[in-house]
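Per-chain numbering from 1; labels A, B, C, D, E and F assigned in written order.
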Amino acid sequence: MELIKELLYNSGKPLGELYTWAHGIWAGWGAPPFLLDLIFQIVIGVAVAAVVVLNALWIIYYDRKLSALMQIRKGPNRVGPLGLLQTIADTVKLMIKEDINPKAVDIFSFWIAPLIIFIPTFAVFLVLPFGKGLIPADLNIGILYVVAITGLTVIGILAAGWGSNNKYSLIGGLRSAAQIVSYEIPMMLVILSIVLMTGSMKMSDIVAAQSHYKWFVIPQIIGFIVFLIVGNAEINRAPFDLPEAESELVAGFNTEYSAMKFAFFYLAEYTNLFLTSAIAATLFLGGWEGPLLPPIVWFFIKTYFVVTILMWIRWTFPRIRVDHLMEFSWKYMLPIALLNLVITAIVIKLV
Amino acid sequence: MITLSHYIILGAVLFAIGIFGVITRRNAIGILMSLELIFNAVNINMVAFSRFLTPEGAYGELFTIFIITVAAAESVLGLAIILAIYRKRQVLNADEMNLMKW
Amino acid sequence: MIFTEILDKLKAKHEVLESKEDLGVLNAWVSAKKIKEVIGFLKNDMQFGQLSFVTAVDLMAANNIEMVYRLFSYETKSDVVIKVKLDRAKPEIETITSIFSTADWHERETSEMFGVKFLNHPDPNRLLLPDGIDMPLRKDFKCADMTPLPKV
Amino acid sequence: MTTKAPFELEKLSNDEYILNMGPQHPSTHGVLRIILKLDGEVVKDLYCDVGYIHSSVEKMCENKKYEMIMPYTDRLDYLSAVNYNWGYALAVEKLMGITVPERAEYIRVMLAELNRIMSHLLWYSAYGMDVGALTPIMYAFREREEVIDMIEGMTGGRLTHNAFRFGGFRNDLPKDFMDSLKKFIGHFNDKIDEYEALLINNIILTARTIGVGVLSKETAINYGVTGPSLRGSNCAIDLRKTAPYSIYEKFDFKACVGKNGDTWDRLKVRMDEMRESTKILKQAMEGIPAGDIMAKVPKIIKPAPGEVYTKVESARGEFGVYIVSDGTDKPYRIKFRSPSFSNLSVLKEITIGSKIADVVAIMGSLDLVIPEIDR
Amino acid sequence: MIKYIADIIKGIISLMEGLLVTLKHVFRKPITLQYPEQRPDISLRFRGRLAMPIDPATKDNRCTACMICVRACPNHSIECEKIVGEDGKPKPKPASYTYNMGSCIYCNLCVESCPFFAIIMSDEYETGTEDKASLTMDLAAEKYELKGKKAAWWGSKFKTEG
Amino acid sequence: MIELILFYAFAGVTIFAAMLMVLSRNIFHSALFLALALLGVAALFAMMGSFFIAGIQVLLYIGAVVVLTIFVINLTKQVIGQDVSQVNELVLPAIITSLLSACLIILAVLKTDWGTRIAQSVAQSELTDNTAIIGRQLLTNFVIPFEIVSVLLLAALIGAIAIVSRDKEADK
């Protein structure tokens, strides 16, 4: 009981104790210690993978239920209690479907694209602070790592667009590249103002700087809004879902994809949604901090709060047009983010 | 134990591959990409030297940052020129870009 | 504007081969060569701003294809029908696309349905039918899928 | 349908390419193929290829008796079938000189206006899908379902109503029709406000539609564009007003017009038209007299030789029926003048120079129904 | 500059209005009809497949094989044959009444033309099958029993009028 | 031990990807392999403790330069489906040149006595993150190069736009 409580509220300590304890046993056997490190790494990797997949499944269900609520429908309610198993059924369906490789595709790019899209998404989980001490790897460049790694996704989308050898896919890929590259700049600027306030890029430091409910959402409210918009654009979700705009480009870069490869795109999209929300929660809403409940629960509550906002936006707005998208980024988001950064810097200097 | 030599030899190999690419590639974009490889070989050396010889000043890293920036500028301009040539003359191969040759 | 008025104005300018009133609407037959001038006159001088449709009727008994141009005036709220009798063996008529842009598609449809050839049409491609089916709206068109009503 | 490439590939400059939109494309609302010549995302040229579902209705009708043609007019435009029934019924009634009893006329007006609302609601939801908003369809279909239920209660059909008979109706209104109509009118205007807040007034949509696909009044009339698409171009031509048929003179309503003729004006006109339809429905509900619903009609429909053209204002524009009768019980020649046919032909004129996304937005604003184009 | 800020504010207001609409709907009751379990309340005049119900009074259909419906059908979905008696003369009863649901357009014209109220468009709407052959059916042999309110409606029709 | 394995793994990936990049017949595949090679280099940077440089490498090199390259490849659509040799007739001289240069550098490395120079420096095991040092250096000693580079970037940006933007008159 105590252990569980400790694990929930202050995960770093028991985990550290577990690690030293295992090391002791390991040394007793006379095995080289790096093997144990490797095992620990693998365990962490598997745990993260489990979180990724389960979370993606749940978040898809959540999206469908939420959209159903907004659209006065009932949503999935046939498979399992309350339709909870619906996404699993869908995944199984996608897995056992025929994997079609159209004749004209460039097989290498066509196959590698879903992986390129999925792997960075997976890798970002490495620096998410789920709870106190519960962070797979507390990198010094935490937030820079996140931004850098998520930028890789665009290569996958471009590869999918080019490899499909389909004009709709190609346009989707090109749109995506332009979109992600131009929205990365305001995003960096917003993150920079947070980094200015904390003086560190480490995720745990960012959370620590917001302790005692000094959440950055209050001083950085403009930054928070900009981050939500820009983050939404980065992950290609409506109203910024131009790369896969189904009314114009059929399905954009994943027009030719089917079965498991499509499932990868789908999972990656929703995992990206979760990631953006988690980072927003960490940067602006104080991460895992909160009263009564364990930190990890607070982390998920805050993340899902942001997820809900993003979904709410998605199910309300029409799609933006591609030139307006660029205009929006360069004419509105960038100046606002820049102004926000400058004001933050001045205020920090003065105070 | 990894020594400085490891990194420098790796840099040398990358450099050689880059040189090979620059010389043999016909596609102008390919040449640019091989150039990036050469830059990276240099970057590895820079960082390695800095880590092993002058870690307190991080001079090599600083130079790496400048190299990356310059490389970005270079590739942006190079690609722009290639695109302009492609638009005008429909060629991508460097040996066919011979308008200024006599 | 009642039909006699229209008829008088039309007759003053152009030759009308034949005319009659049908349910209060003037039907005027003109010659195929004059069609462009007549339609142009009706549009520009008599405010018939809308070309409702262009079509044809296959008068097999008289060995004629009859072109029907129906115009409507938003100003005077009156209709006029201009008809042209064409030879069924070789129906040819000048296009009026330059006067009414909407005639483009209507003429293309008529062309493939009745085999009427529109001279100087800007886009003489087929509109609705696939290759291999010609002139289905002519009365002598036969197709294996066509079944007559049952005789009981 | 064409087998010949409309613009030769050799004519493409280096930056241009051909994109085939359709025949199976999510936003062509049926089987329509649009061949686009694009430069990046900008449309340089465009060619509409129609006829994929051509079924030669006109030829079919030449072989049917007059009363049998009625269900076929449903299928021209399955979204506002009542108006098409009316156009055809009007033509035959005019040819035969039948006067429809007043109660039947009122019922016709009510059905037609309900049908117009039903069609515009579907257009609204489909337009939401076209521009990427996924929620409007659910809200609009909720009200559309109410309307369909009402029409179903009267005619028995949900989509292809086959409502009219020459001279009136077979059946009178069902008992609960008036109650549900009253309920519907009671809350529908609020719902339209919600629709407008959700989609039409949204800044993303206004940015996408204002100033896009501008259709000038002259071009519109020249291309034979009718209906809401024409009225969006500041041209108050509504056949219910300008060439009133049936008893439309008795009702107080206005023809909704837009200002500039851009895409947004066409959207707004349709939204306003639903409000006007509600107004008409209200007046019809209050003014409906008791009495016969069927005129005296001979058992065998055999009109005298002659020809007739009648037009009604359908949800998409002027629907006309041209009948040439030769005195037998089958029409000699029947021609349906369908509004979408002319409305689509103007697409090329107003789309060139805009983006791919605009093609979809503009095409959606024209409110096309493909079977009606192909017939 | 003022226009720039005004644009932003105007945009935000319009977006908020949209968000409010969806938010309001979150608290409204879903209108979903859980189809196979919950059935829609279809109207009395609904036109499902054609049926030739048995008259509960006589336990037989009311068809006299007069062929009026065959003539009224726009696309030949109905074929009918009379019973031929031993004397070689046709009797006013159908030997077979073949209805092709595949080509039926549910227009109700046959029902309206029938002077004996022998046929009716039933309220059966789940008519999909897996093979084409089952779309063609012999209504005279089928012995269709009309149920529910439609049966009462149909019964009242011919009892009052004929 | 584990570091050595990781080093060889990353070095292997980098060299393998670089080879494939140079030899690949398809220019698009080349670009993808370039991304992989750069990623390998970034991992090596991270191994040396230069996390910031690794991040910049991924963000700028892969996220911008490679993406841009792929973008341009997509725009020059002629390449799709083309599977001709991307290598010209200079293969032999190229091999000689590259081998020579590689040998030269490797020889120089092996001949140099690094021991004395490394001796007074921090041993490798003590390599710590130097993001803070880089940041301080950039804004103190290296502030002028930093500014110059930013001007250079701006100039390159404007130049690229000027080159690529279409000749309006030539269009007509």
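One rule holds in what follows: a residue touches a chain if its C-beta (ideal position, glycine included) is under 8 Å from a C-beta of that chain, and two chains touch if they have at least 3 such contacts.
The structure displayed is predicted, hence computed values, not measured ones.
J.: Walk from chain A over to chain C along touching chains and report the minimum step count.
T.: 2
J.: Farthest from chain E by Cα centre, which chain is it? Let me know.
T.: Between chain E and the rest, the longest centre separation is with B.
J.: My parser should flag the chain pair with the most contacts; which pair should that be?
T.: B-F
J.: How many angstrom between the C-alpha centroids of chain E and chain D?
T.: Their C-alpha centroids are separated by 25 Å.
J.: Averaging only over C-alpha atoms, locate the centres of chain C and chain F and give their separation in whole Å.
T.: Taking the average C-alpha coordinate of chain C and of chain F, the gap between them is 72 Å.
J.: What is the distance in Å between the mean C-alpha positions of chain A and chain B?
T.: Spacing between the chain centres: roughly 32 Å.
J.: What's the distance between the Cα centroids of chain A and chain F, rounded to whole Å?
T.: Each chain's C-alpha centroid was found; their separation is 27 Å.
J.: Provide the list of chain B residues touching at least two other chains, using ranges where the numbers run on.
T.: In chain B, residues 86-87, 90 touch at least two other chains, as defined above.
J.: Which positions in chain D are in touch with at least two other chains?
T.: In chain D, the residues touching two or more other chains are 17, 64, 135, 139, 142, 198-199, 202, 204.
J.: Going through chain A residue by residue, note those that touch at least 2 other chains and give them in order.
T.: As it turns out, chain A has residues touching two or more other chains at 70-73, 315-317.
J.: In the complex of these two chains, what residues of chain A are touching chain F?
T.: Answer in residue numbers: 32, 34, 37-38, 104, 106, 108-109, 112, 116, 139-141, 144-145, 147-149, 151-152, 154-155, 158-159, 161-163, 165, 170, 173-174, 177-178, 181, 184, 201.
J.: Help me check something: in the complex, which residues belonging to chain D touch chain E?
T.: 64, 67-72, 75, 135, 139, 142, 145, 149, 152-157, 160, 162, 170-171, 174, 194, 197-199, 201-204, 206
J.: Can you tell me which positions in chain D touch chain C when the two form their complex?
T.: 1-4, 6, 50-51, 54, 56, 58-59, 62-65, 94-95, 219, 221-224, 237, 242-243, 306-309, 311, 318, 320, 322, 324, 332-333, 335, 337, 341-342, 345-346, 349, 374-375
J.: Please name which positions on chain A make contact with chain E in the complex.
T.: Touch list, chain A to chain E: 68-74, 77, 312-313, 315-317, 332.
J.: Quick one: in the complex, what on chain D touches chain A?
T.: Against chain A, chain D makes touches at 17, 19, 25-27, 41, 128-135, 138-139, 142, 198-199, 202, 204-205, 207-208, 355-360.
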